[in-house]
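Take a look at the structures below.
The following pair of complexes shares a single chain, subunit A, combined with subunit B in the former and subunit C in the latter.
Presenting the complex of A and B:
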């Protein structure tokens, strides 16, 4: 059938293999490494949110870390103040962040092209200010302490390993859902807006509404990441949810490539390995990112994934030619 | 379609005294236009006459300065572009506007997606209709999983027409579909126009290739400096002195004497 033709069988297979490998990590490595991977997977969710917004819909936002914070504080409030369980915290964090993003998107996307990006920088600054100063909601500068860990029907995730698997499951579910989105008519409407907004209009796509939905979906991913972060670390500080963090998410997707969720995965891995492997060079990290991104944009604007894909296609073509030649 | 048939039916799209000014420049002056289902109306005129502007007014890319646009008897003058598209006004662009980063198949599916967004229209059977339309456009040989950037310019333009036809419009606005195409590709354009009229779609065709315009159009309207200088059958237009003057230039006295 026409519509069932698969877009990226190679990258889907590679990601499945990677998820399986990752599932073995707690057996093979130290508790510290397991924690680092859990934190990286939470970053991956935020980078995936950038993929939806930038990679699919062509809209660039610097506010993702702010939305991540909204999700985290919402979950924290549910767990600490209302006595709600993990599932309630999850649902509220995802729905609340998505709703906030949708409403803000509906206002912001009246601005065209990069003016939305400017507005998102403003939003990030405001959100960070809110986290720092709105004490009843966020605990202000002191932050939020002693957030309980994941609890499902009386079972508590106390070890790093069990928390790891919870984060992994959420990541896999999110990736599968985004994969389905890519193949849906909504996903194609996102791509139509990305490639040419005038065409999208002429194809009956309400671009304001559609872009707001894209922002809401990215908000839902950030909200999920926030809820995971709250229970994983047990402590929330406004210093986590900064403009700089949003920039790192963008760098991650630029390094990985915006063409598929695999790009988000590759970018997250590369930056996490850099951060962990070169802790002694921490002061120079910003510089390394800066130079790295500039070089990447010059030599491989589609990121590592784009470069890999081009290479793969070249090899396939060469093979085809060799076959044709041997006949 | 002849004039008697038109008299019994109501026009699908009607423009009443449509005007558009850009500052001091008049791009459209009291335009009157009717398009019936299943007919092809040609819109010709020298460069800068306001042909593309007229398409942009009909689709709502620009708001009109004055006048009314009616679709199926309902006024759509102030509707946004996407709503007019959902009503059934499909268009193509002078330069192909495809989803550049997607493959051929995805571009085709976006067309049938649009049909699905319209109320009361059955989604096209893509597996049947896409190959048929691609064959009609001479694109049967292309690989559906190729990115559209790999296609030649003419193929991209033809694919855009295929996409808009998959969206099942009732009125189709074609902005120079044959410009930049070779003779063979231009024949595919007329095949696609014939496909559209057989489906009962009313077509407005902007085109510089007189051969194509004269062969496929039922009626032709001529624009010059935003004003309609003539409307009629291809034969009437070909012998209209004012049209000849607009195209060939020359002073008033030369043409009249």
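Presenting the complex of A and C:
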């Protein structure tokens, strides 16, 4: 077949191995660690949404935490006020957030590049304001309490471990779907826009529509993350969905690397380990991120994954040479 | 196929084209010749919808002046932009696959594009050798082949080439123009902008000469090659670099 994927099989294999390892976590570690990993996996979904938008489509958004919030509050409202189940909440959160992003995308992507980024900062601020002040929807400054946990057909996820597995399954499904997107015609159109928007347009790709679709897909991921967050923590506060949180997602993907979903995974792990492992340094955390990102951008602009890939290719090259030499 | 009447294009308040009329018939290869700043690229960009213009542009019997760039491309009017503009971060094959959007639209499934790929690889065997290579790492000539191949993937009804010879070594230019003629002979009409006037007039059926936003001469390319005015302005007293290359051609 002529259709051969460029995707590195090593990275896909490593991610599968990591997922398997992760699946063992509830057996091997404490309840607290399990909870931390669940939270990190939700972050991973948001970082994956940044990957779709920035890594594939070249559009930088600071509104991802806002979209995450939209998904969370939508799910919270369904669960608390309409009596809908987890599945309904999930569908509404994903579809609602995707739709909002799609419609906003049409307005925002009339602005190009940096101007879109500025607009997304505005969106983030507005969304945060809405979460804080629109009491009927978000509970205002008090927030939303006692959101029921995941329930499927009468079975309730009460333990941290069972919640963990639900989050893990959603993450795996999302990663596989994004992997498929990467190989699709649509994914290539995203990358064409990332590389050269004007040429993409003159090749018949409607860039406004295509970028809006990318925003919608990233919105869907954030919506899923939001729904997970609502049921996992049982409590929503506008203070979670801030501009700062959006920045952390961006830092995560920058550190991991924007070239593949594995970058999102690596970035999320690194930052989570930093946050958890160095709790005593909490006050200096922002400083560490800042310096870390600056150093990384200077020495390894493609992130940890980019550096790892370059190293891997160099080793392969050297092996080839060694083989050729021994003959 | 393509019929342009009284086209006027602006960049802000500056008028770049002052009423251009031009036609490309079925199966024709038409060259557009002119000095730097004459408005050749502006004309192509106006046709493909990236520069706004007034007047009338009819393609396959439809007025396309108000259409957006993407929908014009979807109609089969494809431009290979000046300076190639391949997608640097995609492989050769992915670049080509992006080209199918013009013919088949944006879709989720990869679908079967082997027919188009085979056709392009047949025309440009070099691309097949390099199909897994990232586009930025290719030489200028290969990138130009890729840009043309990518447009062919969209099954164009008319191809617009903007300076295909730009920045390429004479031997590569020769190879490339052979391919362009081949593509034209397979039935794709071509509108070509070219600074290398002699070469363009040799391969084309008809030509237009553009000077400061106006068409000053038009006719069969063979006649223009004999026209003393054209000879003087574009084939004799040219910029020294161009003169050299044309001399070299004569020697052969």
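Here are some notes:
One rule holds for everything that comes next: the second predicted complex is superposed on the first by the 324 of 327 C-alpha atoms of A that agree within 3 Å, B and C clash if a C-alpha of one lies under 4 Å from a C-alpha of the other, contacts with A are read in each partner's own complex, and residues count from 1 in each chain.
In this text, a contact is a pair of C-beta atoms (placed from the backbone, for glycine too) under 8 Å apart; a residue touches a chain by one contact, two chains touch by 3 or more.
Predicted, not measured: the structure shown is a model, and the values here were computed from it.
In the model built by aligning both structures on subunit A, subunit B clashes with subunit C. In the superposed model, A:146 lies in contact with neither subunit B nor subunit C.
By the touch criterion defined above, A:199 lies against subunit B and subunit C together after alignment on the C-alpha atoms of chain A. Once the two complexes are overlaid on chain A, the subunit A residues touched by subunit B in the first and by subunit C in the second are 1-3, 185, 188-189, 191-192, 194-196, 198-207.
Touching subunit A in their complex are the following residues of subunit B: 59, 61, 80-83, 85-86, 90-91, 93, 97-103, 105-106, 109-111, 113-114, 116-118, 126-127, 130, 144-145, 167.
If you check the complex, the residues on subunit A that touch subunit C are 1-4, 6, 181, 183-186, 188-189, 191-192, 194-196, 198-207, 209-210.
Note for the complex: subunit A touches subunit B at residues 1-3, 5, 7, 185, 188-189, 191-192, 194-196, 198-207, 259. The part of subunit C that touches subunit A in the complex is made up of residues 48-50, 68-71, 73-74, 78-79, 81, 85-91, 93-94, 97-111, 113-114, 117-118, 132, 150-151, 154.
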